[in-house]
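These are the structures in question, set out in turn.
Below, chain A partners chain B and then partners chain C, in two separate complexes.
The block that comes next holds the complex of A and B.
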C-alpha cells in the first residue's frame, strides 16, 4: 500500500510520477500505450529508443489497462491487465494504493453527420495517432473539420506522413470569440499561442486552406469516403443555404473538442462539474486519496496538464508522508493555464445548430446502428426520460464503445440531462475477457 | 385535470402492470415516479419470466398464471397500440437447468418431480440431450431438466409498453414527481397524495416502489417489511447466434432464490439476448442500498459462467450493472389492500421475479380492487401477514 499509483502516462501522468518520485516515494505508472507520452507525445512505436526518462523510483507498467477500480480500506484497489489488448496471455494484477493519481486524459469528440459511419471518417486524434505512432496516413487527400486549435497539429502530422491536406475547416469563428473576451485568458496563453502560430505558418507554407465558419456536413461513398459536402455555417452552426460544396477526398478527420475519459473517476465516485472532475488547488478530488490532473479536470493543453500533474504528484507523495517542496512554479503555471483553458473553451464552443446536419436515417450510435429517427421516436413514443431506460429502449450506447463516441450526442439529441452521466458509468472500464475476470487476482 | 381514481406510485414494471390492469378495468389512473420511468429495478434485470426456479407453492402459482398472461397481454396491446409500441422482445426460449455433481443431480430431480406434480412442464433429459440443446455446455453435466415454459422479455420495453397503454386510455404518467404522503378524508380513508408538485386527489394509492416500498409505506404511516437485496449482472460483447440458446442455469440457483441466509450468494444464469450479447447473473447481496461494485462478486459470476460454458472464457465482458431487488422476509410478494389505512394498496416484494410475476400481479391487484374474483388465491400475498407488518417496520 506504500506506492503512489498514477494512471495515464501523458504529460499529466508523467509529471505526476516524476514529482512523486522526486519527493522520495515509489510510484507505479500505468498506461495503455507501449511507450510513454500518451496521445499528446505519441511516440513512433517503430523507433528503437524511448524518448522520455523517468526517475528510478518509477515503475512504468506499459501496455496495461486499468479495467476496474474499487474502494478498499485505506485507499483504492486498481485492477490491471498487462499485454497486447487483442493477444492471448495478458497477465492480471491488482494493486492497492492510498494515493491514486488519475491522469486518463480525454478523447476527441465526434459529432454525428450523414455518412460519418463510412470507412475513411476518422477522429482527428485517431488520424494523428496513426501518423505519429506508426507513420500511417489515413488517406491520400484528407480534409479536417471540427473546432479548436487541436486541428492544426493534426494537419501538421498528416503533412509529415505525406498526405495532401485539402483544408482545415473551423466550424466556429474563433477570432470573434477571442476578441469578445479581452484580458486574462489571451495573455495567459502566450506560450500556447506561439505554438499554434507555428503550426499555422507550416500550414500556410504548404498552402493548406484554413476556412472559418465552415464544416463537413456529409460524407459520401459506397465502401469508403469518396467525397464530402462542406458548407458555410451561421453563428449557431446551422447551414447557410446555398453554401454546400462537394469536395473529393478519400478521408476526413473530425474533432469537435474533447470528452474526458471519466470512467475511473466515476468509479471512484469523484464529484464532477460540467462534465469534468472537480479538484482543489492541490489537485485533490472530492474523494480522499484520489487526485486528478490534466484533461480530466478541463481541456487546457499539455503545458497545463504537466503543471497539474506535478502538483498532483507532490500532493500524493505528501499523503504518503513525504515532504516535497511546494510546487510553486507549477501552481503558478496551473493558474495561468486555467485562465487560458477558460478562454479556449469560450472561443471554441460547440453550437446546437449541428443537430440540423442530421437526417432521420443518420446513425447516431454506430455500434448498435441506432438512427436519429429511431432515437427520437423511441424517446418520444415511450416517453423515456432517463438515461438508463433510454439505453435499453434504443440500444444506443450498449455496443462495444459503450457510449464513448455517442453518449454526449445522444444526451443532447434527446434532451435527457442525465444521459451523459449514465453513459460515463462503466464499472468495467476496459474490455476484459470473461476468463481473465474469473482468475484470482495477484496482489 | 380530472382527478384520477387511483394513483400508482412507482413507474417500474410492477407499477406499470398494476396501472395497465386498473385502466383496463375502466379506472382513471395516474402513475407517478420520483425519478425516470422504468429506471430502477426494472432497468437492472434480465427480464426473466420463469416457472423453473420456483418450488410448488403460492409464488409458483402466481408465476404460472403470469407466464400464461404475458403473451396474451402483449398480443392484446399489439392490437391496441400497434406493433412498434407493443414490442417487448418476448421470447419463449425455454430454460435448461443443469447439475454438475451427483448431489445436485439428486436434488434437482426431486425439485423437478415436485414441480411436475403441480402441473409444471419439467422434462428430465439425459446429459447427451442437454448437449444437443446447448452444444457449448460443459460436458460435466450430471443431470438436466428442460423447462419449455420459461421465457424472457426486455423489461424496459415491456414496462414502457404497459405505460403507453395507460396513456392511450386517458391515464397519465408523470416522471420526476415524488409522493410525500397521503391526505385522508374524515373517515380516515385516502383522499389524495401529497407530492413535491402539489396534491392529487384520488380514492386510492398503490405502493409499487419496489425496493423503496418500505420507505414509501413508512412515509404514509403504514410501514411494511420490504428490503433491498443487491444483484449484479455481467454483459458480454455480441456472440455468434446459437452460442447460448436458452436460459441455462446451474441447479444451485434454486437454493439461492429461496434462501435468505448468506450475505452474498451467486448462482449461475447464462442467457443470450436478441442483440447477441450474453447476460450472466446473478448475485444476491444484502448490503442495503450500497451500490459499490465489488469485483469479487463479478469474479465469482465469471468463474461460474465459464465453468458452465467453457467457450465463454475468451469472450469480452462489455459491462456490468447492478440493481436492487425488493424482498419480504418470507420471500413472497406483497399484493393487496392495507387494512390499516383504507385506500392504501401495496404491490411489491417480488425479489428477482418481478418481471415474470408482473402480468399476474397487475391483474390480481385490479381484481381485488374492483371486487372481481381473482384467478390466483390472494391470501398468501396479503399485506397484514406477520412477516410483512410485524417487527422492525412496525416499531
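The block that comes next holds the complex of A and C.
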C-alpha cells in the first residue's frame, strides 16, 4: 500500500529506488525528464531505447514534475503533473507517502559578467546536456571558463560533437591548491581523478589550451556572442592589469561549481547548512520521513550521489517496515566520497574578486533585467536590508527562474547573509498553468 | 516528423527537444525580454533559467530545452510577456 516516493532519477534517485525495491518495498520514482539518468547519465532522447533497467517494484513516472510538496498527517503529499513540459494537457495527481527521498540534484552556478545575457553564453552544463542529450554543439568555436573539474568532461563532449574548443580557462589555481594538502581528501577520489586524467589527456591530444588563473570577463556582440575578453586573474580573482585579450568565438560556456535544487527540501522544511540539506549518516533530513541524497546534500560527483542514494533508499524502506541489510559498502563509499568532495571544494573556491568584473549596467538578475547599479543603489542609498525587501524594491529574483540563477550573486553583492533561505523558498517548485491549478482537486 | 518554426515547415526527429531543433537550425535566440526587448535563447539547458521560453501551438512560456517536439508542432518566437489569447 504505502510506498517510498523518490523525486529525481539521477544517480542518487535511481540508487535509492533500487535499494528500497531490493529491500522489498514498492517505489514510485518521479522525474521531469523523459529518460532515467539525471545529469551525469543523461541519455540521448533521440535514441529509441532506455539504457537503464529498474527492479519490477519500481514504477518510473517520466515527464513528471513535482510542483509542490506539503506535509500531511503521517508523511508528505507530493503533487505531480505528468505530460509535455510546461503543459497544457498534463494530468495531475497527488501521492501521499510516509517515506520520501529527495534527489533533485544541482545546477550550474554562473557568475554575472558584462555580456553574459547575450545569446551564445551558456552554462557549461547546458553545453553538456545539449551534447549528450541532443547531439547538438552550442557553437562552432567555443571557449570554456569557470572553475572546477567539471569543465574537462564538458570540453570532451564539445569535441565529441565536432566543436572546436578554443580553450579551457580555469579561474583558480588548483595545482598549488592540491599540492598544498598532501595526503588530504583528494586521494580519497582516486577513481574520479583517473576519469579526469582521461579527459585531460584527450584535451592535450587535441591541443586544447588549458589556462589557469584566467577567465572570461566580458562577452561582446550585438544580438549574439561574437567575441569575448579574457584576462589573467590574481589569487583574489581581480583582473591583472594589461592582461585582457580579445578572442573570437561564437559561444562561451561558464560554470563556477553547482547550486543544489533546494525548493522541495525547503518546502518540506528540511534544515540547511551552508546552502545544502543537512543529513545524518542514514541520509535522514531534520524532518521525519524525509531523506535526501546526491548533490542536494553537497557537491561530490555521481559516485557519491549513488552511494548516498543507496543509503537513503535502504533507510526509507526501513521506515516502511522492511529489513534491508546495512548498506556497508555504500556507507564506506559515501564517507570516502565526502572527504573527496570537501577537498575539491577547498581546491576550487570562488573568490570575491569576480565582483570587480561587473559594471553598473551589467545585468545580475537576467529575468527581471536588474543591473548591478540598481542593486547597489537599493542596498546602499535606500538602505534596503533583508532579502525580501530587496526583492520587492528591485524585483531581483522575482522573475520566472525565481532567483535560481541570480540568487547567490545578488546575496553576495548586497551582503544578504543567507542566500539559500532567501531565494530557495518557492512554494510552487515548478511552473504550472493557471488552468492546471484550477483543476487540482486537492489544493 | 514535421514541425513549423515561425511558419516555415521543417523536419524534426522523435526525441528532439524544441531547443535541439532550433539550435540545430542555427538559431541562437527565439525570445525577447519583457523589459528591454533583448534576444534570449538557451542558457542553462536543463530547465532552470527560463531564458529559452517559446510559443508552442499558441501557448507561450514553454521551456524549449524541456519540451520534446511532437509531429505538427507550431513553434514560434516569443515577444516579451505574451498573455494567453
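Going forward, the second predicted complex is superposed on the first by the 432 of 443 C-alpha atoms of A that agree within 3 Å, B and C clash if a C-alpha of one lies under 4 Å from a C-alpha of the other, contacts with A are read in each partner's own complex, and residues count from 1 in each chain.
The definition used in the following text is that contacts are C-beta pairs under 8 Å (C-beta built on N, C-alpha and C of every residue); 3 or more make two chains touch, one makes a residue touch a chain.
Worth saying up front: this structure is predicted, and the values here are computed from it rather than measured.
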Item to check | chain B versus chain C as contact partner of A:108, first or second or both or neither | outcome: second
Next on the checklist: For A:122 in the superposed arrangement: first (chain B), second (chain C), both or neither?
Outcome noted: second
Next on the checklist: After the superposition on A, what does A:368 contact: first (chain B), second (chain C), both or neither?
Outcome noted: both
Next on the checklist: One more residue to check, A:34. First (chain B), second (chain C), both or neither?
Outcome noted: second
Checklist entry - Touch check for A:400: first (chain B), second (chain C), both, or neither? => result both
Next on the checklist: Under the stated touch criterion, which partner chain does A:134 make contact with: chain B (first), chain C (second), both, or neither?
Outcome noted: second
Checklist entry - So, does A:431 touch the first partner chain B, the second partner chain C, both, or neither? => result both
Checklist entry - Looking at chain A, which partner touches more of its residues: chain C or chain B? => result C
Checklist entry - Taking the superposition as given, does A:223 touch the first partner, chain B, the second, chain C, both, or neither? => result second
Next on the checklist: Going by the contact definition given at the top, which residues of chain A touch chain B in one complex and chain C in the other?
Outcome noted: 368, 399-400, 431
Checklist entry - Which bits of chain A are touching chain B when the two form their complex? => result 68, 70-71, 77, 79, 267, 368, 381-389, 392-393, 395, 398-400, 402, 418, 426-428, 431-435, 437-441
Item to check | Residue numbers on chain A that touch chain C, as the complex places them | outcome: 32, 34, 39, 44-48, 63, 84-88, 107-108, 110, 117, 119-123, 125-130, 133-136, 138, 223-224, 261, 366-369, 399-401, 404-405, 431
Next on the checklist: Could you list, by residue number, the parts of chain C that touch chain A in their complex?
Outcome noted: 13-17, 19-20, 23-24, 28-29, 33-36, 38-51, 53, 59, 61-63, 65-68, 70
Item to check | Of all residues in chain B, those that touch chain A in their complex | outcome: 35-39, 43, 84-85, 154-157, 160-161, 163-164, 167, 173, 175-176, 234, 236-237, 275, 277, 280, 292-295, 298-299, 302-303, 305-306, 312-322
